[in-house]
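In the two assemblies presented below, chain A is common to both, partnered first by chain B and then by chain C.
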Partner chain A sequence: MTKTDTAPPLAGSANRQPGRGIRLPDETGAVVALAALVGILGWLRPSFLDPANLWALLGQAALPGLLAIGMVFVLAMREIDLSAGAVFHLAAVATALLIEAGFDPWLSALAGIVLGASLGLVNGVLATTLRLPALVVTSGTWWMIQGLSLVVGKGQTITPPGADGSLFTTLSAKAFAVVPAAGIVFIALALAMHIVLHRTRFGYRVQAVGSNPRAAAYAGIPTARVRLLTLVLMGAMAGLAGVIHGGADGAIAPGDGSAFGLLAITAALIGGTSLSGGHGSVIGAAIGILIVQVILSAMTLFGVDSAWSTFATGALTVLALALDRLVRLWRNRRVDGGQDHPFD
Partner chain B sequence: MSDSPILFVRTVAKRFGGTVVLEDMNLTVERGSIHAVVGESGAGKSTLIKVLAGIVRPDRGTIEYDGKKVTIGSPDAARKQGIGVVLQQAGLFPERPVLANLFVNGEPLHNGLISRREMEARSRDVLRQLGLAVDVHRPLSDLAPGERQLIAIARALLENPRLLILDDPNSALDRRQSERLFAVLRGLKARGMSMLYASNRLEETLAIADQLTVIRNGRDVLSKARQDLTASEEAMIGQLRQSLFPLPPRALPTLAGTLRPQITVAGLGGGRLDGICFTARAGEIVGLAGLAGSGASNLLAMLFGQQKAREGKVRFPDGDGLPRTRTEAARRNICLISGERGNGLMPDKSIAFNLSNVVVGARDWGTRWYSPRMALGRAARQIEALRIRSAPEMPAGSLSAGGQQKVIIAKWLEIGPQVVLLDEPARGIDIGSKQEIYALIRQMAASGCIVLLHSKELSELTGLCDRILAFRQGRLVGEIADAAMDAGTILKLIAADEPGSEHRQSRRESAA
Partner chain C sequence: MAEPLIRMQNIRKSYGRVQALEDASFHVNEREIVGLLGDNGAGKSTLIKVLSGAVPLTSGDIFIRGKKVNLRSTSDAIAHGIETIYQDSALVTQLSIARNLFLGREPIKPPRFLNRMDQEAMNNVARDLLKQVGISKNIPPTTPIGSLSGGERQAVAIARAMHFDSDLIILDEPTNNLGVAETQGVLSFVRNARDSGHSCIFIAHNIHHVFQVVDRIVVMRRGKVVADDIDPKKTSVAEVERIITGMSDKEIRDAIADGKPSH
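Up next, the complex of A and B:
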């Protein structure tokens, strides 16, 4: 111990002890923003704080939220999956059609999730064998999957026969009469996957690959497999969300979920996951999607034309990006004394 | 034109983050002369040159060029002043044709369009001078490394600079190309051009320089005209480096050679390599010498499962052959430590995270959980052992280059590697860390690792290795041990000219 103390401090080297406990978790910003938003809205419109309204909000956030959970893993790996929204839709349509064809609803739901996972597998196999970024691959498969669900669903709204479906009663049922089942699944998965990302070997590998893919490969981390598994996870999440959508809402319109992929990215960004990879926060993303939903519902609450909601989502994305970037630049300035990348 | 020096560098200082690269650098370049800057890599040569090229801004100090005080704020500003620069890692575009690479950012225009004919006409002379017979319409990546280096020099010459700055220009050249380059440089000098020539090969530098400045730890320690240099000073410059290396325990290597674990390579070929045979035993450091493109790096990549072998047999101490992937290599305790920036570090993650790279990331046995607390413990241990001056929670990118390299080595030490492959492990780091890393390498060998060390710095090889294998153009051309190990002998082996270069060229043309 004394050895390090007596060593002459190298000029400028980082030998000061970091202040423990001062570092706030990455999700702090998002939590504060959500609390402030809810507080202001509740103050302006007390009806907003009505538990039924809040639970409904959670239910609406659950579907894109499930996609956001998967997306955090993808972003933490320094990739982007554009096809998630399309996978969501195809899984929903396929499940509905299977039920319509007389299969057991639970089996059909499982098939929907497996379908989502295998679409993720296709993305992953393409990305790893062609050595392309997932962004490039999924910009193609997004169209293909979208096209498939149009073909399979014949471009019409599908209403699976809900009469017998035990699945649908379960999914549209609300625990304790208020909490939507989808919301419970969402919260449980968000907590579980947060632990997976930060406390398991798989999560460690995802972050390592995202932080520096070359260094990860040189350290013997099986980067191709990590990439594949992450995209499969993303697909399975999208599939699960699709299945729940079919179950909870009872009707699947052709345009459903088309924006979910981008919405998931927005949520992850708001929650402190950065596009440059290396780290991510699933809980942050869950809060992020809630922020988006709160803002959207606030707009309806204040009577803003719903046509503006798309614009608002976009503006929120840009805002989150800008904040992330500014914070990062500021931190780099402090660490490197104003020099961005000395040797590059 | 006056006779006053063309360039003054006065008390220039520069630090990157925590590392002081230039502390107090002074330099005077006379008109129409070749001024050499010699020093170990990591001494600050490249940074000095980047300052003059407008790539790096100095923190302190003045630069006087052509009688005026100047600030060189960007590479473009340097160009406008008439400073031509050939960097060590020349910013060339491998996919673009040779011609396009020759005229980057200065294409001759004809009616507003780039005139290819004029580019050809202008480049013809320069290329002939440099002895380059290449098809200028082929992509640059088709050229051999030496030829690419000459293209970078040709590009600088085409801008007709008054001061030409070269950073280790012949590191990739074979002897013939090297001599050709020197002839060209002397011709340019005769026409009045001034040159600043940085190198870490003293012998060559002495052959061409008019003046000489020795740089150490970011300071100029000696500056003299070539003819004033006494023999003892020459010897001193040569010996500066020797003290860097730890003394090897000489008793070990000759003892009971057959019983120790060893790695046997027989007839290995693939990529550039052909018919490589050698044996390396635990406890010794085997050096691999070779210029860029000689295949020495490829050999390490193959042993690490990063490149496929075409033929041949390899037997590792664990009884198996070549690993098929890097993951398999890591799990079999074979490690590759590369000095190339970006190959080993996750700069935004903590030191603790980085040190778990192999233990948690590469292996698939043990617990499935990643425990940050265990990672911190691991990091604390390695930080103590390797004297890394930081705390486990700090981002690895906040360390100095030497500290970062120690982290990379430490993450492999965590698994107790059996075979240690080193690819220029001490590139671009400060002298102090270098010394510590050399001592570490020695320690690894002494503790029973098989160590293969590839370096372009010959002093590193002679100072550290027990024996040295010399590579030239994909073949093993010799083995040197003990007393015969000196830079001159190695250089003769790895850079000897041979019909090979022409042969290669004609083969490329027939393939086209």
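Up next, the complex of A and C:
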């Protein structure tokens, strides 16, 4: 055997084409879809483009949108958190009751967020110590948390006294008189968390764990801690959304936010985050939730019975799932010669 | 004789009632490539997992340069300079080459509390390393691992181990599923690694690949090391195969005649 200073060029490295040219960002599809939707609706019903209507839309999208931000991290780690909607509701109820009991609104709001994070911690501890997928764990905790909401809130609509509540005046006030404050929080957090996912070590480790958990563990990444932190983040986002809900909308009805968990998953999928983990787009999910909200609002605009909105949301979820799967199968055919992901 | 780089003594590992390792003793010298051979279930991968901190041992001692160490996790092993490249689980296919090189050891830009990764530094190191290991075809370090060929992936994994100055690189089936030219490429990376001062443990089913690259062959059978000083230059493939199966030629013929494959 002769010794070589540099290794010989590797065979089989020439016949590769994907991924080397100009790649459109993953959010492209969602942006185009949103623009097209808004354009078509504006053309059919010019009143839709009314700034007040658009801002209201943003406000409606903000709450499930905050959950979607957290959900992108969870999905990028190849996990699913079903309990997010219930966490949202319990945080809202708890905050409202604390304010009712006379606590400072800002402290109560902080307590709501901490409660959300702690519920995420419970999910995380269960998932890591029992080594179960978060999907399994949270399908149980979801019911428990929902049950707690019912117990604590006595199954009634809660209207926190908003007389002098500084939180409520701040949150229900629209900054600059037009943009809803919840919308501002949502946009700011979406941008910040996008950077966290793509530029920080934590975000990168989330993606590494989601892409190949064993490789991540073998490389010395503390995978349990990453899973735990991600579920805590998800809980905190849901808690924050719950607090804002109580503050912005003034009343918390028993069913509020029950669909938010699934909405968040749908939004993430529409925005280019894959169920198979390893990668995600927070900005994509933000656009995704806007798309969902535009479609729902279009249905109202065209006088479709509101009873259909649940069906429509479900149909969107299935559509997003199918697209995610089809894109993945197609990409695998090109990249890996028909092999599916080894850990799928 | 000088103290070996790694010495594993009387290692036992049991999974419940199953004895995966029974009193296995094994060593690797400085700048040495050791081929670890054995049939399926002989205990090769358990031994490697113990050494890389992936599974705890039931009893026994591990010494690195004569000092007893306690490897409780993969990060412990990495901190002691033991780098393992697992078949299929070495790399994260959806992330870029640069990010894979720094998997678990990502450099952070100041100020530290912002937790931002220094992507520029990662890309620069990656570019240099790719050249060193012979991938010179202008592959940007931001390319996802998923679009590399099998040989290129192995090259990236080996480059990672070399960059972080590990003393021992464990290669689990590095030539699996590779073509002839790619296999030669990987074998030459392994030789390069030794020549630049690293020791290697090379596990492969293909005995011919092992013969081409290793300095010494160790054979395991039923959880024990049955031969640990086979010189590939003085021993034939057939002889080593006999040691692996633990059967004489006649026994092998009888086994085949019985319809039982010998391995």
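Convention: the second predicted complex is superposed on the first by the 315 of 344 C-alpha atoms of A that agree within 3 Å, B and C clash if a C-alpha of one lies under 4 Å from a C-alpha of the other, contacts with A are read in each partner's own complex, and residues count from 1 in each chain.
Going forward, a residue touches a chain if its C-beta (ideal position, glycine included) is under 8 Å from a C-beta of that chain, and two chains touch if they have at least 3 such contacts.
Predicted model, so just to flag it, every value in this text is computed and none were measured.
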Partner chain(s) touched by A:R199 [first = chain B, second = chain C, both, neither]: both
Touched partner set for A:G220, first chain B, second chain C, both or neither: both
Partner chain in contact with A:S211 - chain B first, chain C second, else both or neither: both
First, second, both or neither for A:R131, with chain B first and chain C second: neither
Doubly contacted residues of chain A, that is, touched by chain B and again by chain C: 1, 3-4, 7, 9-14, 18, 199-202, 204-205, 207-208, 211-212, 214-222, 278-279, 335-336, 342
Contacting residues of chain B [partner chain A, same complex]: 15-20, 325-331, 336, 338, 341-349, 353, 356-358, 360-362, 364, 367-372, 383-384, 387, 389-391, 393-395, 397-401, 403, 411, 428, 432
Of chain A, residues touching chain C in the complex: 1, 3-4, 6-14, 16, 18-20, 199-202, 204-205, 207-208, 211-212, 214-222, 278-279, 335-336, 341-342
Complex contact set, residues of chain A against chain B: 1, 3-4, 7, 9-15, 17-18, 198-205, 207-208, 211-212, 214-222, 276, 278-279, 335-337, 339, 342-344
Residue ranges of chain C in contact with chain A within the complex: 52, 54, 73-75, 78, 84, 86, 88-95, 99, 103-106, 108, 114-117, 119, 132-137, 143-144, 146-152, 155, 179-182, 184-185, 188-189, 191-192, 195, 212
